[in-house]
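Dropping the structures in below, format is structure tokens.
Across the two complexes that follow, subunit A remains constant while its partner is subunit B and subsequently subunit C.
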Partner chain A sequence: MDFFIQLFTDPVGFYNQHELLIAQIGINAILAISLFVTFYSGQLSLANAGFMAIGAYTTVILSLYLPFPLPVNMLVGAVLAGLLGLVVGLPVLRLRGVFLAIATIGFVEALRLGVILNVPITGEGQGLKNPTADPLGGIVPILVSLPVLSYLIWRLTRTRLGQAWSAIREDELAASSNGINVPLYKMIAFVIGAVIAGYAGALETHINFFVDPTEYGVTRTIQILTFAVVGGTTNVFGPIVGAVFLTALPEIVRQFASYRDVVNGIILILVIIFRPQGIVGRGGLALIRPKWLPASWSARERPASAL
Partner chain B sequence: MRTGARAIVVGLALALTACGGSAPGASSSNSYQGKTIHLGAILSLTGAGGVYGPSSQKGMQLAVDKINGSGGVNGAQLALDVKDDNSDKAQSAQVAQTLIQQGQLLSLLGPTLSNSAVAVHPLAESFKIPILAVSTTGIHIVPDCNYPKTDPCKYVFRDSLGEESAIPADIKTYADQAHPKTGVLMVANDDKFSSDGGKIVQNTVSQYGIQLLDTVQFSKTTADFATPVTKAVQKHPDVIFITSLGGIPAKIMIEARKQGFTGQFLGGNGFNTAVVSKQAGADGKGAQSGSAWYINNTFASNAGFVQAYRAKFSSDPDQFAAQGYAAILILADAAKRANLTFSDVAGDRTKLRDAMESVNIDTPLGRFQFTSDHDVKQTIWIIQMDGNGGFSLVKSVTPS
Partner chain C sequence: MTQQILNAIFIGSIYALFAVGYTLVFGVLDVLNLAHSAVFMLGAVITYSLVALHGMPFLPAAVIAVLVCGLLGLLIEFVALRPLRRRNAPPISALISTIGLALIFVAIVEQATPGSFFSWLWQDGANSVRFPAGTVPNPTFHVLGLTIEGTKLLILITAVVLMLVLGYVIRFTQMGRALRAVAENRRAATLLGIQVDRVFASTLFLSSALGGLAGLLFGLAISDISPYIGRDQVELKGLAVIVLGGMGSIPGAVLGGYLLGLIEVLAFVRFGSNVEAGVAFAALFLVLVLRPQGLFGAQLRERL
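== the complex of A and B ==
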């Protein structure tokens, strides 16, 4: 409770004491957005951790060896992640559903175990120091990027492009017979997701002082997927809420000391049971509906994108 | 709730000092009387580091109780706030920031894992608060935590023995006695601790006339070690060096013996827990490593520590408990000599840091002084697995 009491009674003190937590929430929210974009176009891609690694490593390596200013390095990192997305997307986007998920996990592991651990410039298993790290200054670009990105993606889902993604998600065959260039639109979603993930990786190195391969494995990928599932995927704000909720939760339940993981897990299970459509999304609580609550409040929808 | 606990601590402090427990040197600095010295520890009590963190915590708590029970630090009481980081780098840094910004702590301890230390130590440095590492053994912990700046860290200290000292001492001891000619290194290449160890082995062996025939890299997540072990064994080395964590060294030893390897196993801190020795069983017998602490060492304050630990927790302390215990003694000694004001936290943190540089006290790790790099300089205990889940002492190496 200390956490909330301070949040409301002493917001300035709260901000000062939890700057890194807030920064991490912001990064996780941006990662959640990157997953959402591919999800929205009906693809269960789990390659985000890999693109994140590209963004992070590129930024740090450029900062170590070249005199460019940091924003340029970060931009290069994001663009490179996008280019790699294009290359990886060509073969893997022929797959659908769980097969795509497996192929993208394969990409993440191949990148981490095959490339990062064997190319000397990445520091291999020992990781790399980030010479430009600035943990407290790093929060500003994050706090600016998050609303800008979420607004852009929210607008994007309402354009023709977004509608095409929706159509593909609902029924690929129908979309294609209506003249939508399915492979092209899928590829656009995949590359946008890659660029955003790469950008999030670049932002993260800025607060973390260090990049090492353990950060970008399957665990990270699953974590990002959890943000989207818990938050809901009907619109871009679902994954963001999921990221905020799941990143802050360990701190909120800190007072339970050694039972922290247990409480954390129970809350997560409760959310999944009662809000299978995600925290953000239509409908009320699943399973249990008090008699006085109008029937229309209860969840009728199963998650649209269970895939 | 929290202020309540603090009031009780302060109340206890007053009561204890009122009872007439005159601490040594209390007369010179009465300003300490009735005050509280706040310390914060970031430990991995859960997650992958959960096998180490709780030991550190017990050791620290034991020392805090002992000091507070015998009059405190010039009459001031120690208060230790332990926070779990879930063995996660991001959480570790977040907790550190929260502790620092709460604005009363004079010093931090930890974090448990080297992987977290690379994020937490530079943070402490940039906030100018002393931080004492109690269990990290990797490279780049001290003194060159020089990120983001290039000058060495001034506020970062370590009382745990780095692999950079332990592994070379182990190799030298074995080379002096058995004169091996060839070796193969087996290294888990996907975590910092293991790859640091591998790098140290590569840089050390040639000094002792050992030719490294091959370096076999594998992933921590490997399920079957037959293939990497075959690669190592078929070179017929005199020695197999293993740098990895957890149960992996034990698995490698068992597999290598099965494939007919009869030579020596050498390694680092990854060997030093009873769990590994037990898993390796008879196949691990003779596997040799360098350790920071040995339970039967004869240092002045060790017997008292072991006895008090057994009485309180009814189990034997390990290396991590000894290092945690020593850390609190070190901070208490520095605080005693630092002329703290208890009003200016930033000033007190710097004073404490300055006093830490001249610490010279008896701990279970031996007579303790920091090197000019803020690292430890201590006796290294070369131990061998005894084949029954324990360790036997080969020799002790005194620092040069």
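== the complex of A and C ==
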């Protein structure tokens, strides 16, 4: 309760006291957006943690060895993640559904265990120190990026591109017979997702003094997936709400902080069974409706979500 | 080198046993059950708890643990899978709901310390433990210059016998026929009077019991029991195994398990432990991209 009281009575004090939490919420929200973009086009790609690693490592290595300003390093990180997305997407995007999910998991772990832990410049298992980190200054770019990115993606989902993604998500065959270039649009979604994830990784290293390879495994991806699913994937605000809600929850209900994964798991299951469109999506509960329950409680049509 | 290949066979048996359960659920239900690795972990944790905390002899403890894991399979079916089938959700939804259950199972064990609610199950939090010495007699055999530990031999025999039994059950019993019918075509099986929901429940029971058994054998052989053994040691490697063998194919999963064991040991001998850790995922990625039907081709493509 104190959490909310402080939020409304003393916003400045709240901001100062919870800066790291706010930064983490922002990064998680951006990551959730990156997963949302591919999900919106009907692909469950779990490669985000890998692209994040690319963004994070590139940024730190560049600022260790080259004299460029930090924003340039971060952009290079994001672009490199996008390029890798292009290379990985070419073979992988032919796969569908569960198989795509598995292949991208394989990519994340092969990158982390096979490459990052074996290339000396990444510090291998020890990770990298990041001398340019600035925990307090780093929060500003996060707070600026989040609204800008969500606005861009929201606009994007309303263009022809976004409509093509929706069409592919609803029925790939029908989309392709209507002249939509399915592989191209899937690839665009995949690369945009990769760029955003790489950018989020770069942002995150800017508030941490240390790049830790164990951060970029499948556990992280699953966390991101949870944000997106719980918030809802029918529009871009769902993943953001999901990330804010699930990141702030352990702070709000301190008693459950150590059981946060139990709480997250329960929320995830409840949402996917009863509200596949997520917290934000339209429509009621997807119940198998007992007779005594009013009809308005259950969703009458399938919500526009891939779940 | 021969010693290394022997190790490959031992670890391969555990991979195979784990992956058979994984692939069984995929074959019959068309669902990737990501809670399988959490059940694997619980198999080891429950056996440890009965032996070390409650002073039970190993064998009854193992039997109880396997049965409890089977019941957890039913829990997975009733909580995470059946409600989704009721509303005709796509298979991806079931994948995500089983992730939810896996999170819960792991977190419960991870947070269990002395004095906490689950201290009867586990008291070591996130730490790793091993069975008390002498839980299982472990004679060492020396054959042709090779050293064979008794427990590992036991594991190999258990795994092979169980896989043969499973093969028999699936080929020749009434239950196995129902299982194959449902895997082949759910609608047709329903029309033929097979109780599909019951088949799904027994599939989950069978699969999870095998997963739990693989877990406790792993705990016995590797002497490492922690809340993370499922997630870190077999979850993704199990995926690699069933992809190598072709998703949904049981003989494929068995062959894939031994193959992965062999690949890993060879990578370890040739390149060291850092490469060994990544090789499973590189194999997974390559097979999915180049040969998504699995390595062994059409003969094993037939489901189960």
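Details
Quick note on the criterion: the second predicted complex is superposed on the first by the 261 of 307 C-alpha atoms of A that agree within 3 Å, B and C clash if a C-alpha of one lies under 4 Å from a C-alpha of the other, contacts with A are read in each partner's own complex, and residues count from 1 in each chain.
Definition applied: a contact is a pair of C-beta atoms (placed from the backbone, for glycine too) under 8 Å apart; a residue touches a chain by one contact, two chains touch by 3 or more.
Since we're looking at a predicted model, the values are computed, not measured.
By the touch criterion stated above, A:16 is placed in contact with subunit B alone, subunit C being left untouched.
Within the superposed three-chain model, A:85 lies out of touch with both subunit B and subunit C [touch as defined at top]. When both complexes are overlaid on chain A, the residue A:117 reaches subunit B and subunit C alike. In the superposed pair of complexes, A:24 makes contact with subunit B only, with no contact to subunit C.
Applying the stated contact rule after C-alpha superposition, one finds that A:133 touches subunit B and leaves subunit C untouched. By the touch criterion stated above, A:239 is placed in contact with neither subunit B nor subunit C.
By the touch criterion defined above, A:261 reaches both subunit B and subunit C. Once chain A of one complex is fitted onto chain A of the other, the partner contacts of A:77 are absent, as it touches neither subunit B nor subunit C. For the contact definition in use here, the residues of subunit A common to its subunit B contact set and its subunit C contact set are 112-113, 117, 124, 258, 260-261. If you check the complex, the residues on subunit A that touch subunit C are 44, 91-92, 95, 97-99, 101-103, 105-110, 112-115, 117-118, 124, 218-219, 222, 225-226, 229, 258-262, 264-269, 272-273, 276, 286, 288, 306-307. Residues 2, 45-46, 83-84, 86, 89-91, 93-94, 97-98, 101-102, 115, 118-119, 122-123, 126, 139-140, 146-148, 188-192, 194-196, 198-199, 217, 219 of subunit B are the ones that touch subunit A when the two sit in their complex. Taken together, the subunit C residues at the contact with subunit A in this complex read 32, 79-80, 83-84, 86-87, 89-93, 95-97, 99-104, 106-108, 110-111, 231, 236, 239-240, 243, 247, 274-275, 277-282, 284-285, 288-289, 292. Contact residues of subunit A toward subunit B in the complex are 2, 13, 16-21, 24, 112-113, 117, 124-127, 129-136, 207-210, 212-215, 250-251, 254, 257-258, 260-261.
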